[in-house]
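Letters are used for the chains, namely A, B, C and D, taken in the order the chains are written, and counting of residues starts over at 1 for each.
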Amino acid sequence: MSPLAGFLIVAALLFSIGLAGALTRRNAILVLIGIELMLNAANLNLIAFWRYGPHPEALTGMMFAIFSIAVAAAEAAVGLGLVIQIHRHAHTTDIDAMNRMKG
Amino acid sequence: MIQEMTVPFAPTTHCYGGSLAAQLLWLIPAAPVVASGINALLKQPKRRTAATLAIGSLACSLLLSLFAFGHVFAGWAVGETVRETVNLTWFQFGSTSVDLGWVLDPLSAVMLVMVSLVGLLIFIYSTGYMKNDENYTRFFCFLSLFAGAMLGVVIANSLLLLFMCWEIVGLTSYLLIGFWYQKPAAAAAAKKAFITTRVGDVFFLLGIVWLFAQTGTLLFYNNGAGSMEAGALSGLLAQPAALGLTAAGAIGLLIFAGAAGKSGQFPLHVWLPDAMEGPTPVSALIHAATMVAAGVYLVARVYPLMQAGALAGGSTTALTVITWVGAFTAVFAALIAVAQNDIKRILAYSTVSQLGYMMAGLGMGGVAVGMFHLITHAFFKALLFMGAGSVIHGCHEEQDIRKMGGLRAQMRVTFLTYAIGMLALCGFPLLFSGFWSKDGILEAAQHWSVAKAPFYMLVFGALLTAFYMTRQVSYVFFGQSRSAQHAHESPRVMTVPLGILAFFAIALGAIGTPAWPWFRAFLDGRVAGFDWQGFAEPGLIGLMGISTLVVVLGLGLGWMLYGDKSPAPEEPDALESAVPMVWRLLRDRVYLDELYGATVIAFYAGWARVSDWLDRRVWGGAVAAVAAMTGFGARLNRFLDTNVVDGVFDKGCEEMGVGGGLLARAQSGRVQSYLRMLALAVIALAAILIWSSRP
Amino acid sequence: MSTTLFTVTADQFFVLLQHWVVSFLPGSWQPVAATVVSSAAIVLLFPILFALTTVFERKGLARIQNRLGPNRVGPFGILQPMADGIKSLTKEDIVPTTADAAVHFLAPVLLVVAVFMGFAVLPMGRNMVLVDMDAGLLFYFAMGASTELSVFMAGWSSRNKYSLLGAMRAVAQMISYEVPLLLSAVTVVMITGSLSLTKIVAAQDQYSYGLPHWYIFTPWGFAAFVLYAISTTAETNRSPFDLPEGESELVAGYHTEYSGFKFALFFLAEYVAMFSISGLGTTLFLGGWSAPFAFLSWVPSWIWFFSKLMMSIFVFIWLRGTLPRLRQDQLMNFAWKFVLPLCLLNLLVAALWRFMGDGWLRWVVCSAILVLAYVGMGLIGMRSKRLGPRSYRYAE
Amino acid sequence: MSFVFYILATLTLAGALAAVMLKNTVHCALALTVAFAGLALLFLNLDAQFAGFAQILVYIGAVAILVVFAILLTKGSETPKDGVFSRTWLAGLAIAAAVFAVLGWAVLNSAWALPHETAVPEVTVKQIGDALVGRYVLPLEIVAVLLTAAMIGAVIVAMHEKERTK
């Protein structure tokens, strides 16, 4: 099995762990953590494909990963900001309690 | 010189006539019409202003007419016949255009002077006659409107303008006859007058439309393109119409039918005697001098059309018909006049018969003969009517001659002028105008190539005329007074016009004598020299002898039968005791009204009932059916709407709502359920992607 | 000629020593052995320096406060660190019951490791760098980033309100000043065009008219150095910015619940962090191991590096002795409203400097901009502050 | 598959699992940092030096601290009253497993087509710098704008209630 497959398996596993976290945890912040993990799994995939891809000198995979890191950081900041604000209003971070947007 | 009219229509005024008179011709009818307009706005008590306005406007029209007459006379004196027309395009549609215009030629000049002069005198007379009537202003408004319309008819160069003024004349005659509308008889008489003239007018309109269709223009004279000019006439002659008549002949007859209605010729004369319900000045002005003369003037104006195709000296069918109708009316009306007891009714029948004379004159002798009799008749008939008016006024509204008598002494001036008028009417030889004008007609009848009968009828008519006039005079003026009150002479404002008219009744004869036939020359545009040879024409002396004989015979008979006897009112008339059957027939006006009642009126009544039945049953039924249908449609629509449409729609919305509810549950607001759905979607997509891309 | 041989050997003494030691091992192991030896050297050297600086600092402070400082243990108090060391080792290591044991223990370890990692890329002498990494500076800052986390772990794990409060303040301060730190370093990168520290030192190792090309002598360099110095003092929670372990209010800040050896570790980590951040400062601005004057270049390069290092440490101690402690909001406002804007401006000036080409013009323009900025910001800052009597918003 | 890779993989996955499973939220955060560090090392293992350091600097340096701050500010550190996992945790787990199954299946199926061994790409920071301002200048500018917006947004969102609704 090629090393790339190994990395892909690890990334997939990491992704599903992140997804499980996001789906099962009650605390909003942990959902965000789950999402961060999923994003990182994606970055790992990018770098792996870049490393073992046909044109590493094109740097596409790496650049993509770098930009994705930047964006993920921004997303984390805003997400946590929102969670803090919700907590300040609803005094809870329980994700099930936050269903004000119910249809 | 006519400034561009800023009225909506853009008239292309190809004013053929350049002279000032032609230009200002339109002012003559305009003045009285404006006066009537102002009068209409005045309040009832404004009596003096109304009268002065009416009289003033007609005086100004008279002056202008004299000026125009002078202009034409000057032209005639120099030797070239003046015919000046001013034509305007009323409105234009596509290539054809409807034109109006007025013409100044000897015929219209003479009529202008006659109408405005007689009208003025009657206006002055009526200020006295109507003094104690409360609708004084309204009376003068209608009178001046009538004068304006009549003058409009006279100057019209276009059949359409003529027809419009013709209708206004008809309207004013209706208004004036029915002036005392409180009296049911007056109202009925006005309606009768209006409807019978309308019958004539229908044919007249048909004639106009046919003429317009054929020649494309309604103008009489349009420097060559007018309907009365050679080009159009030849076209009309070429056109065959029904019953072997040429188009020209047929149109001529149709127009004559209109004239017959207005001038009270035989079949349509029934309205004229009943029109006496109106005030006497009205009868004098309208039913003696002017309006009834309009018909004769119309035939004179359209004479070239009538005469088209006539061989030298010969006669066309149109003219023959006119002559026969004229002659018959003359005799017929004269016969009835003999048996009448109302003073104005006798004069009415006399007018009908004299109009018959004029028509016959036109038919046989041409325009000049007819017109000369019209002019003279206008003066002495107006005189007679006004005389009768002053008699009635004097006898305190008494109209039945059998209750009058011996007024010779009490109303001296009226008697004198009335006697002059009577003698002129009968055609007393040499001195009176009536003699010369009637003599002209008889002469024409004598030379008429078609038949001799009209000549004898006219002579017999003359005899009858003399007879019933003497009967009337003797009943009214001679014998002893049979009425209780004491009759008094009318005031000067009434007697002065009588005097003036009396003078004209005598003087006018001069211009038509064979020795100096000025009037005929003036109309035909020939030079009129004075020479006694005029009398030397073959047969003229004989004719004069016959007519004189006839007149003297009539007078004698009349004096013999009635003279100074003045019988008691209930006594049977002298003639009645002689020939009671004929007398009663004549007194009841040959039961013509009853005949019409039975035939025409019944016919229309029947049709009215039929149309009423049709309207109520058939159309009504149809409408009711349609209404029912729509009602049913509406109910069906409501049923469909509520059950089908709403039902389906509401049910659909409900289902939508339920579906929405289901979906809403999916939107639980819990983020994780969204994520789950997302993940499921990812799995499904990935599976599809992988499954589809396997080798 | 012989002198150059001598200077070279002196200069490269440690490198040769390393090669000599490594040569005893079989070929394949050599690279690993080389790194092990070098890192062992670093790990040994800096704690010794730490010990020295503790005394050096306490004596320095005393001198500033017109008192003697420790002089009981050994001549002039030289052996004082030995005493401290033995004291901290023998003291009982108390762990609060409610504390989160694992995190409590892990915090100091992570801190020390993170701090020591920084030295890997610092060029301490001519080709005396442990790892000549292409993205050396980036590696350094990456390693520096985990210090905040360990501070937080320390503060939180001891379940003590004061320590948590102290940790929060420390982390907030360190994060606030990390941005200006990076930005000032970036100006140097912009000019040299490379992240590798050896290249940066090489770029400064030239002399014109006898004056060295150190970046500090350029207008933007000097401004960047000032901002860098401010940020470093804040990063290491030293002197005016030592609010977190402000003894007067928060007892000992985030490491109140630590005692014994763990407390010593914290202390060690703090000082080593100071050494490594000063080391970076010298490589970036003071020309690393390059001599101040051309004619002095015969002196071994590492001597220059360490002397500059000690000069910086002296400045730290000097600052500690003279400046009063800043209040938390003043500290934060100062970071975000004064230091950061000037760093951004400095970036602009550096860009201008680089693209204006040689000549006196760029000197005038850059220095003019910077001077104006400093004066302006100063005036605005001063005018808005009401220098009236101290008002306590929460105290009363 | 080098020995180092295995160690790093287990380290990362353990960190991730801990981050998801642990009861105490702060521990989860710390476990998360371990996972981030593991990933950074994996990046270095893949010779993506710049990405690795960026990962450390950004994630461990900033995001971890952010998460921890968030936990503290929302009193996450006290043990939650009613269970750590949401009511429908089983469904979530099943779905995650399903996702992993699909991904794994995809990877294994295409494993034979993956390239085995390729040369170590020689990447210097200068190349990355050139790429950033050369080919990827637009994404760079957009990310710059995004980061500024996110910063301002986050500040406004989390600003203290009192001032904002004055």
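Keep this in mind: contacts are C-beta pairs under 8 Å (C-beta built on N, C-alpha and C of every residue); 3 or more make two chains touch, one makes a residue touch a chain.
Since the model is a prediction, treat every value here as computed from it, not as a measurement.
Between B-D and A-B, more contacting C-beta pairs join the chains of A-B. Closest to the protein's overall CA centre, chain by chain, comes A.
Work out the mean CA point of subunit B and of subunit C, and you get 131 Å between them. If each chain is reduced to the centroid of its CA atoms, subunit B and subunit D end up 114 Å from each other. With each centre defined as the average position of its C-alpha atoms, the distance from subunit A to subunit B rounds to 110 Å. One finds 34 Å separating the Cα centroids of subunit A and subunit C. Taken residue by residue, subunit B touches two or more other chains at 672, 675-676, 679, whereas all remaining positions touch fewer.
Counting partner chains per residue, subunit C shows two or more touched chains at no residue at all. Multi-chain contact residues of subunit A (touching two or more other chains) are listed as 19, 22-24, 95-96. Inter-chain contacts occur between A-B, A-D, B-D, C-D.
Taken in their complex, subunit C has these residues touching subunit D: 100, 103, 133-135, 138-139, 141-146, 148-149, 152-153, 156, 164, 168, 171, 175, 178, 193-196. Chain contact summary for the complex, subunit D toward subunit B: residues 86, 88, 91-92, 95-96, 98-99, 102-103, 105-106, 109.
Across the complex, subunit B meets subunit D through its residues 672-673, 675-676, 679-680, 682-683, 686-687, 690, 694. Subunit B meets subunit A in the complex at residues 663-672, 675-676, 679. Looking at the complex, you find that subunit A touches subunit B at residues 19, 22-24, 31, 95-96, 98-103.
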